[in-house]
Structures are given as C-alpha cells and as structure tokens.
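My questions all concern the structure below.
Labels A, B, C, D, E and F are assigned to the chains in the order they are written; within every chain, residues are numbered from 1.
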Amino acid sequence: MTVSASPGAAAPEVTAAVLVEAIPYIRRFSGKVVVVKYGGNALAGAADEVAALASFVEDIVLLHSLGVLPIVVHGGGPQIGALMARLGKTPEFRDGLRVTDAETLDIARMVLVGKVNRDIVTALNVHGPIAVGLSGEDAGLITAAEHDPALGFVGDVVAVDARMLRALLDERLVPVLATIGADGRGQSYNINADTVAGAVAAAVGAEKLVFLTDVDGIRADPADPSTRRSRLSPGDVDALVATGAVAGGMIPKAEACATAVREGVGAAHILDGRVAHALLLELYTDQGVGTMVTEMAVGS
Amino acid sequence: MTVSASPGAAAPEVTAAVLVEAIPYIRRFSGKVVVVKYGGNALAGAADEVAALASFVEDIVLLHSLGVLPIVVHGGGPQIGALMARLGKTPEFRDGLRVTDAETLDIARMVLVGKVNRDIVTALNVHGPIAVGLSGEDAGLITAAEHDPALGFVGDVVAVDARMLRALLDERLVPVLATIGADGRGQSYNINADTVAGAVAAAVGAEKLVFLTDVDGIRADPADPSTRRSRLSPGDVDALVATGAVAGGMIPKAEACATAVREGVGAAHILDGRVAHALLLELYTDQGVGTMVTEMAVGS
Amino acid sequence: MTVSASPGAAAPEVTAAVLVEAIPYIRRFSGKVVVVKYGGNALAGAADEVAALASFVEDIVLLHSLGVLPIVVHGGGPQIGALMARLGKTPEFRDGLRVTDAETLDIARMVLVGKVNRDIVTALNVHGPIAVGLSGEDAGLITAAEHDPALGFVGDVVAVDARMLRALLDERLVPVLATIGADGRGQSYNINADTVAGAVAAAVGAEKLVFLTDVDGIRADPADPSTRRSRLSPGDVDALVATGAVAGGMIPKAEACATAVREGVGAAHILDGRVAHALLLELYTDQGVGTMVTEMAVGS
Amino acid sequence: MTVSASPGAAAPEVTAAVLVEAIPYIRRFSGKVVVVKYGGNALAGAADEVAALASFVEDIVLLHSLGVLPIVVHGGGPQIGALMARLGKTPEFRDGLRVTDAETLDIARMVLVGKVNRDIVTALNVHGPIAVGLSGEDAGLITAAEHDPALGFVGDVVAVDARMLRALLDERLVPVLATIGADGRGQSYNINADTVAGAVAAAVGAEKLVFLTDVDGIRADPADPSTRRSRLSPGDVDALVATGAVAGGMIPKAEACATAVREGVGAAHILDGRVAHALLLELYTDQGVGTMVTEMAVGS
Amino acid sequence: MTVSASPGAAAPEVTAAVLVEAIPYIRRFSGKVVVVKYGGNALAGAADEVAALASFVEDIVLLHSLGVLPIVVHGGGPQIGALMARLGKTPEFRDGLRVTDAETLDIARMVLVGKVNRDIVTALNVHGPIAVGLSGEDAGLITAAEHDPALGFVGDVVAVDARMLRALLDERLVPVLATIGADGRGQSYNINADTVAGAVAAAVGAEKLVFLTDVDGIRADPADPSTRRSRLSPGDVDALVATGAVAGGMIPKAEACATAVREGVGAAHILDGRVAHALLLELYTDQGVGTMVTEMAVGS
Amino acid sequence: MTVSASPGAAAPEVTAAVLVEAIPYIRRFSGKVVVVKYGGNALAGAADEVAALASFVEDIVLLHSLGVLPIVVHGGGPQIGALMARLGKTPEFRDGLRVTDAETLDIARMVLVGKVNRDIVTALNVHGPIAVGLSGEDAGLITAAEHDPALGFVGDVVAVDARMLRALLDERLVPVLATIGADGRGQSYNINADTVAGAVAAAVGAEKLVFLTDVDGIRADPADPSTRRSRLSPGDVDALVATGAVAGGMIPKAEACATAVREGVGAAHILDGRVAHALLLELYTDQGVGTMVTEMAVGS
C-alpha cells in the first residue's frame, strides 16, 4: 500500500470533497488530547525507518494544525540494546523486562532522553517550534518506584503530575515524553513505555490513546489474521489476556488500553504503525483500522 | 463541474494524502480573519439556489473548523426587488443605485435583516450554534451618512466600529452582517454591500477579503474569457476602472478590493461563486481561481 | 397625566432632593438584570406611538446609566397583521394563536427582526452605541419546538442558552430580542413574546421581569378597576387563572410572571405602559403601580 | 435655602422628570474620578455641623451610587487647635502656617487620622462598607519634605504614588485621605490639605477637583459679592493672586485649582459648602455655582 | 541576651551555613499568612522602647522579604491611659475592661489609629512602601456590638470581612490594624486587641497567630518559670483557664489562641517579645520558644 | 575552607543576626533572574564531585526559596570525552573546539541531554518538583548555525527564543539547559556553553550572569594570584583579551560576560566554584569574590 503525498497529487475537486467529508471529524477532535505511543517496534517492520518517522511526524503536525492536542510517548528498546552492545554490556531479561543496573540505567537514559527523544523533537520542530522534549523526571512529572529488587532500576508508575503537560498543551506545544521516572530520593528508573502512555492518557483525561505497533491489532488467534477483533471492551481484553490469546509484548499494550478506558479515556487503539498515516486514517475517516477498546464494545 | 461529497467517496489513502497536502494552508490561515461577501448575484447563475447556499455554508463551517475566523457580509438586491413588486412599489435606479424612500428603506431592511440574514444564520447554525446575525445599526457598528439627497436613504460608510465583531470572533462565533448603517440621529441607510465588505475587512485587519460573484474574475476585455487577470495590484485595478474594462456592478467590488488591500488587508479575491466550494479551492489548494488583488501583483 | 421633561423644568433644590431620595433604589438595582417585555399592545392605547417609544427608550437609557442591565424582549402582532394585509394574506387564529404557514413565518420574521427590532435598536442607539438586536436564532439563543402541528410554525421554548446575553451584558450592552427561535434542523418558529420574556428572565437570573401592557394590572374582577391586586404570589396567579379572572392575552403574561418567580426571578410586574415612565416610577419611587408577583405576596 | 429630603416629598411624575433630565450628567460623570476637598472651614458657617456632615455624606454616597469614583481629602485645623488648647499648647502661626513641633505633629496626626478621618469614614459606612481611611504615610502614598526649618514638621508634597488609590477605586471603594505625609526616613509632616487635594487630583487624572468652602467663589473684589467670577483660566487665577484679589486661605485653594487644571484635571471648582447638596447641584444640574477653573475660561 | 546585627558581624561561611539551614523553614512559610499581635505590654519590660520597635520592624520586614504575608494587630492601652491623664480623665476599669464613655472612645481612637498605628506604619515604611494602616471601621472590616451597657463603647467582634485584608496581601502589602470596630449605625467601639487578632487569624485562614507579650509563655504555675508548657491543645488551654492557672490579661490571649486553632489556624504562639527577634527564632530555627497551641499537642 | 551545614550548627541568636543582615540582599534579588553557568571544569578541582554538586544544588534551591529565578546552563566536556573514549572515538580539537562529526554529535547530545542534564535535574528535584531539563532544540529555544565547516556540527547561537524560559520562570520552575541548538532544517549542533549562558542571560534580561569555574577570577597576570581584578568594565575585558592576559578557555567566559553586560545584564561574575556556596556568598554577603564585570567598573 502506497500513498502519494506529492503536492498537487489530488485534483482540486477531490481536495474540496475530502475536506468537506472531514468536517465532522475535525470538529470532534479539535481541542481534544490524543496520546500517541510511538515505539521502536512500530518501525521494526518498516522498510525505511527514516520515512516512517517522517510520516509519523507529518501526522502529528497535521493533528496539531487541526486543533488536536497530541502528546507523544516513546520507548527505544532496540536503540538501548545497540548502545549496550557497543559498550560491551550483555543485556539480560527476566519475564521480558530488562535487568537494569546503574550503568544500564545511565545508558537507557542517555539513549531515551538524549537520542530518541531528541530525534523526534527536532523532526517535529522542522515544521515550526512546536515540540518540547520531557523526561518523567522533570518537575515531578512521573513518580516511580522499584518494580522488583531483582530487576534493579526498573520502575512502576506511582503517580503522574499532569500540570506541566497541561501547561504545555495550553501553549499549543507538543510534549514528547521519554519514559524515565524518579522517586522522592532522586533515584531514576526506566519504565515500560506502554504503561506510561496509559497512565499519562488517564491523568490528562485524553480523548484517545493510540499505540502504533507492528501488528494489525489484537487477534483472538494470534496466528490467524482473520480473527482480528475491531472492537473490545476492557473486560474482553482481560479475558483475552487470561486465555493467553494476548501474550508477550502485547500484554502491557492491551492492559494499558483497558486501564486507560476504565479511568476515563474515551477510546484506546492498537494500530499498525507500518501503514502510512495510520493515525490520520483512524481519526479522520470512517475506516476503522486495528483494534479499538471502549467501554461499550459491540463485538467485532 | 460536480463534486461528490457523499461520505466515503474518497479512498482512505487519498484522504490522508489530501490532508497532508493541506497542512501548510491550514497553518497559514488558522487564527486569521477572512471576510466573505456573499451576494445575490453569486447565486443568479446557480441552477439550484438551495444547493448553492448549502455549499457555501459547508465552506464557512469548514473554515470555522480549521481555525479560520470568517465574517460573512451579504446583500440581497433581487429579494428586495421581489418584495417591492409584491407590495406594488416600482423600483427606480439612478447610476445603478436604488432610489430609496422611507418605505423602500423599510422594505430593504426587512428583507436584508429579517429574511436573507436569517436564512444564512439558521443554515449555519444547523452545524452548531456558531452564527450571529448583525446589522450595521447594532452597537454603532457602521456609522453611515447620506450619499446623495436625490437617492434618499442610500448611505456611505463613515466609520466601522469593529469592537463587537472582534468580541464575537474572540468567542469563535461567525458574524453575519446585513449592510444597513445608521447615523447619529438614528436614521438608517441602505449601503452597497461590496463597499461594506471592504470597509469591514480593513477595520478588522482581515487576512483576506473574498467576493463570491457570478463571473470568473476581472477581465481586460469583459467579452473575452481568455483575458482574465489572475493577479492585480491596486494600481492595476484603478487603471482597469479608468479604461472602462471594469464596469457596472463590478466597479464597487474592484474598488473595494483595491481599497482594502491599500488599507492593510493581505489579499482580496473575486471568485466565481457558482463553482462548488470555490472558497475552499482558493484557500486550501495551489489552484488559484478568479482574480487576486495584492500589493505586489506580478502580472497575470 | 403628563410629565414635563423639558430641561430645567425642576428647581435645583428639587433635583437634589429627588436624587437623594433615589439613592437606596439606585443602589438596590445597580448591576442587576431587568427583563422588560415591550409589546405592541402597550402602545395600542397611547395617543402618540412615537412619543410612547421615545418615553420607553428614555427609561431604558436611564436604567443603563444607573448601572442596571436591561434586556428588552418585544413582540409585534399588530405590525405582522398589517404587512400580511398589504400582501393579501388573511390572518387566521386558533385559541388566540396565529396559524403560521411558511409564508406567514417569513412575514413575521421580517417584521419582528427587520422592522420592530430595528426601530427599537436605532432609537436606543441615538443615545450612544448601547443596543444590539438579536433573534433567538442567533448562536442557539432559543431552541424551539413545534407547539401544535395544526398551527404550523408556532413554537414553544425548549431551552434558552444565556451565554451570549451574558456576554453582551458584561460589555454593558442592551440586548433587544425578537422572539423567533429555531430547532436543531434550522427550522424557525414564531414564539409568544410573553413566554420568551419569562424564560429569558429565568435563564439569566433576572432581578425583575416587567411587562409593559395596556392594562393597569391584574384584577380579581376584570370589569372593576377597584379590584386590582397590587401583590400576588405565584399560587395566587394560578388561582386567578383557574377561576377565569385572568383570561385571554393576560394568561401568558400572568403565567410567565408566576413561572419566572418560581424559577428564581426576584419579582415580576404587570404595569400600564401607557403611563409615562411607568418603569422608572416602579423602580425608583415608593409608588407601586400595577401588579407585582413575588414568592411572598402579602395580600393586595 | 432649605431642601426637604423626606421620602415621598416629590410627586412621582416630578421624580421621573428629574431623573430623565439628569441622564446626560449621569452618563458624563460615570466612571470618572472626582476629588473633593472637605474642610473645617466649609462647616464654619453652617448652623449645624452634624447636619452639614450628613448632607455631605449623602452627596458622596449618591455620587458613588451613580458610578462616580469620589476621593475625599480633608483637613481639620479647628479641631487640631481645640485639642492643643485642651493640652495647654499655644498655637503659633507664621505666614498663615502652623509652627509644628514634634508634639504638635503628634496632636495633628491624632486629630486628623484618628478623629476627623474616622468621623467621615464611619458616617459614610453607615450606607454600606464603601469608605476606607488613609493617611499619606500608607504604602508611600505621599512623599513629603520639610517646607521651612523655621516651621518644624510642616511638609511640601514631593510625590504622590497613586497606585493604592487606584486599587481602591477599582474595588469601588471611597478613599478618605488625611493629609499627613512622610519622608524616606520615616519622619511625618503635616501638609496643607488644599495642596494635597490638588496634587492627588493631578496624580489620579481626576475629571474634577472640588473645594467645599465657606465662600461663594472667587471675587474680583472680595468685599463685593457681585464681582464673583463664574469661570477662570489658570492664567486668570495667577493674575488675581498677583493683584491681591485672592488672598489669605484662598491662595492655596486657588493655586491648587490652577495647578491641577494645568496638569490635566478637567475642571476645578470652589463652591460654597454651606449650600445644601452644593456638590450635586454642580454636577447634576445646569446651575453652575461658585467658581470654575478650566483651561478654556470664557469670561464670567 | 543580646544580638549583634551590625553588618559584617557574621563570617561569610557562617552566613552561608545559616542560610542553607533555613531553607526548609523558608519554604514552609513562604506565601503563608502570619498574624502578629504586637502589644504595649510586650514593650513594658523592654529597656528601650524605640529599640524594641526597631527589632520588631526588622522581623516583619524580613518575613515580608522571605515571602511570608504578615498582618500586624496592635493595642495601645498604656498610651491611651497617658493621654487620658494629660486630659484630666480618670480611667475606670471593671473586670479588667476599661469603662469607655464617648470622650474616652474618642481618645482611644485618636491614640490607636492616629498615634500607635502611625508609628508602626511609618517605621515599617522606612524599609519601602509596604505597610498600610487600617482601623476595623474601614470598609466594614470589623463589625462590632456593645459588650455590656455598663462599660459603654467597649465592643465584641461580631464579624470580620477579610476581603480588604486579602486584597492588600495580594498586593504584597502589610496591613497594620488598629482594633476599633463599628456597628451598622456607624457607632464605633474599642475592642480587646487579643480577641481581634484571633478573629482576624481565623477569618484569613492564617498559618500562624503569634502574641508578642512580656511573659515567656503559659505556665502551669504562674509563679514558677519551670512550669512553662511548650505545647498545649485548645482543650489544655480551657483546662488551665478553668483552674485559674491562666488568669488576668493572659486569659484573652490564651482563649484567642484556642479559638483560632479550633477555627483552622495552624498554630498559635505566646512568645516573650522582649527577646530580640523572638519572631524569627520561632519561625526559622528549631528552637521553640514560649508556648505553642495546636490541635495535636503532645505534652510539654 | 569548610562550611558546616549540619542542622543546629549556628546558635539561634547568630541565625537571627545573619537573617537580619541578609534582608537588603534578599530584597534586591527577589523576583530577579540569575543565570548560572555550571561547568565540568568547576568540578575538576573539587575533591569530591558528588559533594560539589550537592553544594551547588543547595545554593540553587535556596535562591529559589528566596524568590530568585535561577536558570542553570551547563556543559559537560569531560563526560563527553569519557564516553567517546569508551566507544573508541579519538577526540580531535582545533583552536580549542572539538571537531564534531555526526557520531560525536550523537554522543555529545546523549551525554549532555541524557546524562549531565538529568543528574542536575534529579538532584534539584529531591528538594521538590522544581527543575525542568531543556535542550536548545525544544520549541525553538536556541537557533544555531554552523560555526566552521571544518569543525562539523559545532554551532554558533543565531537567536534565543526566551518565551518558554519565561513561561517556566513564571511557574516558579528552574530551567536546566543543555547547550544543544538546532537550525531550521532540524540539524542539531553542539554549542559552547559559556556563549549560550551569555546569550540566554541577555535574552531574558537577567540581573546577573554567574560562571562557576575552577579559577578565582580574571588576573592581569594569570600566573600571579595577587593580580586578580575584582571589577572590570566590558572595555577592560576586551583589553585583557587583546593583550593575551585572558587566554584559552577563559576567553569565551570573559567575552560572554562583556557581551551580556553590554546587552543589558546587570552584572556578570566569574567565581571559583570550588569554594563551597560561592554563589550564596556572592549574592548575600558584602564579601565580593572572583571578578565582576559591570558597565561602571571602578578599578580593582
């Protein structure tokens, strides 16, 4: 599937028709907060990582132009692993979580805050000075606590102080958040980015929480594309996790969707970030893609 | 030329491409004031007057959704003539201006403020409570003076008090203005709507002034469509009026364009209102239609 | 009864005494909203309609000068009838309500919004740019619904959105309201002006609702002036309607008074608008005129 | 001359007429600052000092009710003398100024701030909590400097910091100012109240400065009432002082009027405070009393 | 005990250490209201009254510099007595309260508002224009009622209107309050300053209420310094009053502490005002001095 | 030189004396912006780097508590070099500037934004959520341009957009700025931190700019401590640079001081950051340390 976005591609009358069609969607989302989790895995399947970032950035800039208030939350697992390898550190995982000693935390923080976050911020700011990079350590944004002593500096979200996020949104700026948090003694922790995205969405009362991933949604049978569920309730999510249909790295995403919706977020989506402009298609057309979790799911 | 605006008409990837293309235009006009003169003559050539109003209303609603601050100025000559005919009054014109005795003024005011203005306001408000009807008599908006004793209550614009317009725009409301003004003694006057549109655009510091008419622009030779000028400077306009190339009802429009641009309006346009969504095409595509008057015209 | 208002009529010491006497009343009503229903019938008994309007306008301007926040609500039945007659339409009434087909609605709207409203607005604005004409169709001010299919476009008040009224009052402007409303599909309706005045008074939390009529108040026996009741509770009003003592066009006025008071308006008055400056006398002297409806009526 | 202010004294139609007549004056002074110097000498000729204060208070309360922003400045020479006498101090004057040693300053301050100021504040506050007593020592309101070492703690006005006055006026409060000032070292001074009134009027940009005195105005020949001048320019005042026509305690009043007008105050008045409600008559009727100083005096 | 406050007295490294130590206290009290009762009795034991006032003023200015919002409440019993003596009036007391006839009230008001209040205000304003003197009569700050007809114009606090205090605090000004109140008819009363301080602290929701006295706190046995209680609950205070351990002039102080704490003030303190900078020591060091009343007293 | 900051170290009376002494300094700097450049070199001479950071953090927290608005600008040369070494990159310098290829830029950015900045932010936030980390790339804060093609991604400051800094200061937050900037195409650059500190101080109109270094100030003869200059004018600085007395890494600091003062900063200081609490001593005692650059230097 390809999209030609070269200027002048659409005939004027098509442009007019598309814009008129989009009116109700534009009105619905104007002034609303949309939290987007943009992850390394979303890019894993993309042939061209640079093009994927460019497409993502265009979508965020368009949302911003249309009055939406986006917040970007990102991880960076592959990039952390790459720097560790160069520095001769061997990654170690337990139950899918990275064992994080002090040096690993330093590396993770440098990569997330000083590399991935910067790349997204500067790519957005080519379109105007709209993006501000943040870490959860800033102004007490994310209070964290140790998840498990055996894992070292891996953290859970204890609290989200949304005041600085709101202040930036009020100024029409786009917060880009690296998922490091700190406790009251100044110790930092690396936190699962899916979990942070869900907690932030709930804390700011987001209209939508969107995960851009490398799968096309949640499937009743992971091996069978035809079993993708287009709509689920939080309870449906719980059941699919319990049966093992949702597994591995999809678990924190699915649970973040269910929790966020239970805490008041309008809808949470798991989309295939490899599809160009998946975010726009979800928000501004009738074509639902991926899986949507809402309080009132009406079957798939 | 037809535009199908039925939902789902455009393929999702086309929608995405169109929206991405529109980003720079959306950003350019967001928060800017656009004054649109919508006239009876714009509709004269439309096969279906109701459809033409619906298309116009869709365009204004879209502009409003995209953060533009539209002001609608309207006339209603044909409708005034129709009511006069039903009441047995014979219209009389001198130099293209309607001789307006007290009874004619009453009729004009009833038609403009109580009929045409109402029809536009209620059509817009179907999309949400966004439009407010005004007459230049409200809160001293338009101070008028007698144009010529021989013409009766035909007025010139003496001053525009833009405070109420700004207050409404600040509330994200769309002012719809009937072109009646009053003098300090409470005497009302009927004023040429093209002139009012230009004066209002200058008074509010509009980014654009747009005339929706029944012609495709200003032509060096009115009889020859191939002589349409796409860009003119105010001086060019003066010259075309002086040579007679601009004549009749086009004179007040052309002069309002030139004056408004001289008083700081970014650009003034004369478009063919019979083309569906002409307003959208002008603002959100590269396809310039009609004639644009700007300080720095660079030939046609 | 005549009032000489020519400049210099009162001796200076009388002026001083009058002003000092008025202090407590001025303080009591400063900053308070007073909704005044000004009706065609108020003028029916006045020898000179122009003088009556001038006197009314002087009163509103004085209230405004003294810090009161007036809202004027008006009807225009006689004027609608006059234009219908000129256009060859025969008015038809059922139970006192005008049967209103589409053409009649157009006529009513032209007369109310484009004629009566304009006359009041321009008369007020001779004293400064203080008045703004409104229709209930503006910015969703009055949501209406069909009263009875047999009557056509005669409406009931479903909801009043007081935000624009408050915004205008905050700017120290005087809203002048024509009693046309619209439903969500953009269909307009003509609504009884007495009912609108009561609903608006309740919606803005007015201190007073005043009906200027052509009678001297509510009488226990309509034929006997000596039975005028100076004070009534809402329950008293219900009883007088039930017994038939209040009948005809007085019913909507009396019921609007009772309803408004029940919904929090401080007091509602029915005054004889033919008495010069009746409004001033009611507000700024001890001389109660007409009938006052309050929660705590203490007999007549 | 007597004024009966008992309730109900005026017939209702007279009340209405007076109020309608007052409209233009009410509108002219609403929101404007009027500085009133109220002095012991104003009361010297009044048969009943308590009644005189009551009448003055009624006037200030009415002004406040009508939207005027009054500032009261007062002296208290006779009362200072009385307490000095009781304490066995012999007053000593040089060139009309009281020689003020430390003990005399203490007495003056107690009388002005703790007695006269309090009496005016509490009399006003019977009508509602509208008055606040101030000394020029509060928050640096009046910076003073020694006038002449031979006179002790008699001060000149060096600067007026009008911020607190404006803050109180913004809250619709009436500042009542005792004319004590202080220098940067915390030393207080007694200052001529006429001079302070003029300086305050200039500092706040007052519309009017009014001196309530015990004379009927400035006379070309002090002994001849028929030579009272109704209007003077600042230059006229200078000339009358130079010729000695203005002499004694009238000099600081006259000079304060001239200076204030030169510094932007609209008009300055010297009225006979013994005439009941002289302040109201001056502001709200055509009857000019006393002497008015304005930039454009047009003869007497 | 002496404190050398001459510039340069402390070595730089001591200065740094002291400031660093003070950080948590500075942060705790910044932006909080502290009501300080400063009484004549606090000074009675001071060898040098002028030095005592200077030290008190330094403390208030420092609090103000550190972001605290101080309110000063003062009495002036000895000074009232002195002026009465000079005027030949014999003070008369009943149950410790001064019998106050009209002349005594005048004297008390002159001394409190025109002498003591002024001295504190001007001493503070040497450090910048930060202090504003007030009486409870200003703008209805303290509504009072007669305490006992036999005592004359001695008042109880009926209500505190804290709006003007808050407005001054918002402007970062220091209100200095003389404890005269007035009733609705304009009659003033002299009120116990301890009681006023407590009522004001409760009305503004103060963090602390501090009485600067001439004793070192509340003692279980007044004659035995070793029985000083460092912490008391309001109930403890009641018990000590009931047993007579708290007696005489200490009763209103102790009861004001207990009442203020019960009405939400964080803590109330009785300190020895003769100790230099007692206020600073209490707020900015760990060294608790005097007696503190809090909801959760934990024994002495 | 050691400072004991353990609680209770100072006797209460010393605490009181120190606080009273500090009043004028506290008042002078309250509400003022102080930009502090904190550099790796400041720490090079400190025996204990952790203790040095802790002392610096205490100073910034105290300044914040005392109402000062600090902005921290930091570099991190040694730390960049350390990571480059671990990754096998050989640093290369030309004229004292690091040759910066794409990989080196990535490393510098990770270290500055993701390591040094984070360490300062989290150390500050132990005292409350007051610090926010920023890069010059955020919201267009620092627009940069290539310094010299031969050096790669080493940047000059083209413009500082101080809006976000001001917004954070308005919220009483402490911006901590890593000195990476970006150009309009999204290319990032590493910029000399001394230069950034000076440009930021000028852009926000700082009261003071302070460099914490590892020298005791500017010396006329670098080898002779007795030639330290305590005060210099910008012209003096120019002369010392021209003669070579100021050389090496001191040049950008000295020039930043001179430029900032010329652009309106009140004073710029070069202090020895190895002295504990040097910042406090400079601001809150008479003891000037290091070198101060001001417009009006009056000899050393």
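The definition used in the following text is that contacts are C-beta pairs under 8 Å (C-beta built on N, C-alpha and C of every residue); 3 or more make two chains touch, one makes a residue touch a chain.
Since the structure is predicted, the reported quantities are computational estimates derived from the model, not experimental observations.
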Shortest walk length in steps over touching chains, chain C through to chain F: 3
Centroid comparison with chain A (C-alpha atoms), farthest chain: D
Furthest chain, CA centroid comparison against chain C: F
Interchain centroid distance [CA atoms averaged], chain B/chain C, Å: 36
Cα-centroid distance, chain E relative to chain F, in whole angstrom: 45
Averaged-CA centre spacing for the pair chain F and chain B, given as whole angstrom: 58
Where chain F touches two or more other chains, by residue: 128
Overall pattern in which the protein chains touch one another (line/ring/star/complete/other): ring
Going round from chain C, first to chain D: chain order: C, D, E, F, A, B
Complex interface listing, chain E residues touching chain F: 1-5, 7-10, 12-23, 26-27, 30, 58-59, 61-62, 65-67, 127-128, 276-277, 280-281, 284-287
Chain F - residues contacting chain A, complex: 86-87, 106, 109-115, 117-118, 121-123, 125-126, 128-135, 137-141, 161, 164, 167, 171, 173, 180, 182, 184-188
